[in-house]
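Heads up, there are several structures right after this.
Next, two complexes with chain A in common: one pairs it with chain B, the other with chain C.
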Partner chain A sequence: MINPINIGSIDDIDEGEAKVIPSDETGTGEDIAVFHAEDGNFYALNDNCTHETASLADGWIEGTEVECPIHAAKFCLKKGTALCMPATQDARTHKVEVSGNDLLLYPNVPAEPVEA
Partner chain B sequence: MALASVVIAGGGMAGFTAAKSLRAKGFAGKLTIVDPEGIPYDRPPLSKDYLLGHRDAEQIQLIDAGWFADQDIEVIESKVVDLDPEAPAVTLADGTVLHADKVVLATGGTARRLPIPGGQLPTVLELRTKQDADHLRQVLQPGIRLAIIGAGLIGAEVASSALSFGASVTLIDPVDPPLVPAVGEVLARRLHQMHVANGVKLVTGIPTEISVDASGQHAITLADGSSILADVVLVGIGIVADTALAAASGLDTDNGILVDESQRTSHPNVYAIGDTARTRLSDGTLLRRAEHWEHAMNTGETVAAALLEAQLPTHGASWFWSDRHGVHVEGVGSMLGDGTLVTRELDGIPVAAFRVTDEGLLAGCAAIDGGLLVRAARRIIDKNKPVNVEQLADPTIDLKKLAR
Partner chain C sequence: MSDCTSHTSEANASIGRMSRPEAFTQNIDVSTLVDSDGGLIDRSIYTETSIYAQEQRRIFARSWLFLAHTSQFKKPGDFFTTFMGEDPIIVTMDKTKTIRAYLNSCRHRGVRLCRADAGATKMFTCTYHGWSFDLAGALQSVPNEKAYPEDFDRKQWGLIEVPNVQSYKGLIFGNWDKDAQSLEENLGDMRYYMDAMLDRDPEGTEVMGGVMKWTLEGNWKLAAEQFATDWYHVNMSHASALMVLSPTGRGPKAEIAATPGRQFGSENGHGAGFPTHPKSRFDARPVHEYYDYEALRERLGDAAVEGPMTTGHATVFPNFSYLPVNGSIRVWHPKGPDKMEVWAWVLVDKSMPDEVKDAQRLYNLRTFGPSGIFEADDGENWSEIQAISHGFVTNNVPLNFQMGIGSERNDGTYPGQTSELYSDAAGRAFYRHWSKQMNTPAWHERTEQA
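Right, the complex of A and B next:
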């Protein structure tokens, strides 16, 4: 079993916002962005855009997508799919769980497919 | 009859996007890209990360080379030298004739040369292809005197990149500051001053002649009689759309291959997209030809929909970015035209500019390191949301909130 890390309260991230969990806490060697999407749910992707270098947490969150702040590639927050150019590589997903008021992040555990 | 085959001449951003979108939309027919440069790559890094050596040729490919085989897209490394719209067919440099139901021209353009004595000298460099960037990187030795003519997007980016090679850079432009149409006067001035702050020498003047002596030293003469000496000269004054093929086969052209809103040329079998295409509206109005990356992508998507007779996608206000001296510049819509220009300042430094129409609508916005500000502005423009000039000028107002 991989132990989740408690990344704080659900109230820390407003809807439409995101927070970066630095690599020294994620243990994956990479920063992870945790998004509070406009469907009310929380999702996590590797923070660095798969195109060049940009923090997706600084991106534009709309619905369940995030648009990269540098060249506007879009990613699906649920599955990490690269939805448009210039990104051609999907972003890696990580499982996020809400437990009471707490947000639990499972680094390197892919998000379970969410039914639309 | 259903579409069975498409040939795309040119595999830049536009041609590549057309191929990718055709497959994404379910087109299973024969799909061919012809490009003398082979596997499609991205041009914006040529003046930035690729020139600097931070990313290599493989890293600037638009997609892994293997993807084309996976998608059953043939990439032929050759040039289209003749077009027969009626057949329809294209002829390649080696004489091969390729027939297809539809032909898409995505041939981009070539760097514009200066129409002055010496403007055609082979030692006067340009930057449009990977090969151009490789050559430039090679000559950018520490201490070299680089003169760049044209301080628009590419010229400014190369000036910035060249500093890190230890080059001594002179940037020449007839106007001061350049880029006003793209970002407005106030930001244009701040950006231009950044060159000086970073050690680039700015010269305002009109080059009238370039000469080179036996030792390889160039002299650029300006209209005021002064001259600038340089070891390397680079000209970045925009592109000339590649219309020769289209014109020779009788298609309508006018500083671009003329297309309708579905990217169709004056011949129903031929479409044109990207930098080479220029839109002619149904009432005959010619739009300005765009030379931006996103426009190439958008028109690639549109042509795929048009070829498959699907609904055409709608694209919002035009958008571009540029990177120089460690800052990220973005612009959306148009800063040129009537209305009020609004500046947003942070600690006395202009960070964003807006153009608001007399009807109170946002028409254009540009920002330096503006984060999501331009993305917000873009949504405000596309949704036709009325804006308030005081709010736009106030740096404490998050534009994101206004866009929702």
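Right, the complex of A and C next:
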């Protein structure tokens, strides 16, 4: 059983914004971006874009997608799917849970499959 | 000074990194083309391609050029694209909220990097191969970077930055010469005349809406010179507009048509002219009623209120002009010897209520917008000058700038050298400075000179 890490209050991340949890806290060797999507939910992906080097947390959140700030590849926040060129590799998802006011991140636990 | 912010960086070593044959930069001695004491101008300065190219090197690459208004930038990443001479420029606010300006050309194969007129971004990414630059101009991402040689250093391929960016009371200017005289020093006495527009509101000014842009046939100097020195044309060129705006419909009263006034000309080529008459004020009624003229007199002095705050005109050398009466601020962008693009903003006082701001905006459009009743008169004259000026004989006949020769003096009221309102003094000063700059090597030539 993997223990989640408490990454702070849900109020820390405004809708349409994201926060980076640095690799030394995630324990996965990679930074993880936690997004507050426009459907009101929280999602997490590896922060680094799968195309080149860019922080997805710096990108533009539209609905439940994030657009990379560098070359405008888009990723599905729910499933990590690379939705357009120039990215061809999906982003890795991580499970996020809201518990009361707290946000819990499960590094390396894939987000639960969601119904489309 | 709180009035003035500035940002200076090193001139980028990549400018002129490859040496170019001298034939590219052969300079013409223009001293015989401008007789600023005798008031004669040779028409070739408006038509010759070689002179136009020299202006790019020795006027636009070394003068303080208007870029934008500070109110156009609120958050890091807000940007506006413009030109300095023919060089395309991105002006943006970086993460430290400093205004920076960069050449709007990708360092890879030179594509125009940002194509939008204005907006907000996190990175400037090139549409061609995807090189991506951050708000500090640093090259952050190069697709397939591993294929470049080992000594490829992204640090050397950042955006070319305009090394000198300074602002005066909300007006941001850039200069490619990092050792240029400071903007404030360069403006000198011109500041007094500008303050009559910029200081009416202790809160300062802001621009409204977007930028109006239109193209005119005509050399850029025709417009810049007119806004510096030419009240003379008003009663003739704008006769019908003056009639429409006068209460009787027959034109202004004799005392206003023949108003006295002063014209300021600076050794740095700036110029401003204005009636000195408490009633020569063609402003929009809601704007007129908004101002507390007694308070303005107390704060800025009677001379400013009855002078440069009236229906004046002005040019900051080389190509920024403004009209205090309707808040038109504009740049005459050179687009070849025969063409200019006019970019005009509407400047208002920050504290004005919205309906007064809107009245000023509409009045601005009606009078000096692209189809304004005054603007159209001026553009027509400039285009008529240019359209015929390539004729061989035409081009050989000098133009007259002799009005008010010898009338320049310090009158004890208005700062610097002033002449009568009806005078070519500021025009002579404009061309005197123009020819001096054209005959003096600029920063990018200094190594050759040494």
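What to note about this one:
The definition used in the following text is that the second predicted complex is superposed on the first by the 116 of 116 C-alpha atoms of A that agree within 3 Å, B and C clash if a C-alpha of one lies under 4 Å from a C-alpha of the other, contacts with A are read in each partner's own complex, and residues count from 1 in each chain.
Convention: contacts are C-beta pairs under 8 Å (C-beta built on N, C-alpha and C of every residue); 3 or more make two chains touch, one makes a residue touch a chain.
Remember, predicted model here, so these are calculated numbers, not experimental data.
Once the complexes are laid over each other on chain A, chain B and chain C cannot both fit and instead clash.
Of the two partner chains placed by superposition, A:10 touches none, neither chain B nor chain C. By the document's definition of touching, neither partner reaches A:109: not chain B, not chain C.
When the two complexes are overlaid on their common chain A, residue A:52 makes contact with chain B and with chain C alike. In the superposition on chain A, contact of A:70 is made with both chain B and chain C. Using the contact criterion defined above for the overlaid structures, shared-chain residue A:85 touches chain B, although it does not reach chain C. Once the two complexes are laid over each other on the shared chain, residue contacts for A:20 go to neither chain B nor chain C. 52, 58-59, 69-72, 86 are the residues of chain A that lie in the contact sets of both chain B and chain C, per the superposition on chain A. Those residues of chain C whose C-beta lies close enough to touch chain A in the complex are 121-123, 125, 130, 132, 140-143, 145. In the complex of the two chains, the chain B residues touching chain A come out as 13, 17, 20, 42, 49, 55, 62-64, 67, 294, 297, 319, 321, 328, 371-372, 375-376, 400, 404. Interface residues of chain A facing chain B in the complex, by the touch rule stated above, are 16, 52, 58-60, 67, 69-72, 84-86, 88.
Contacts from chain A toward chain C in the complex involve residues 51-54, 58-59, 69-72, 86.
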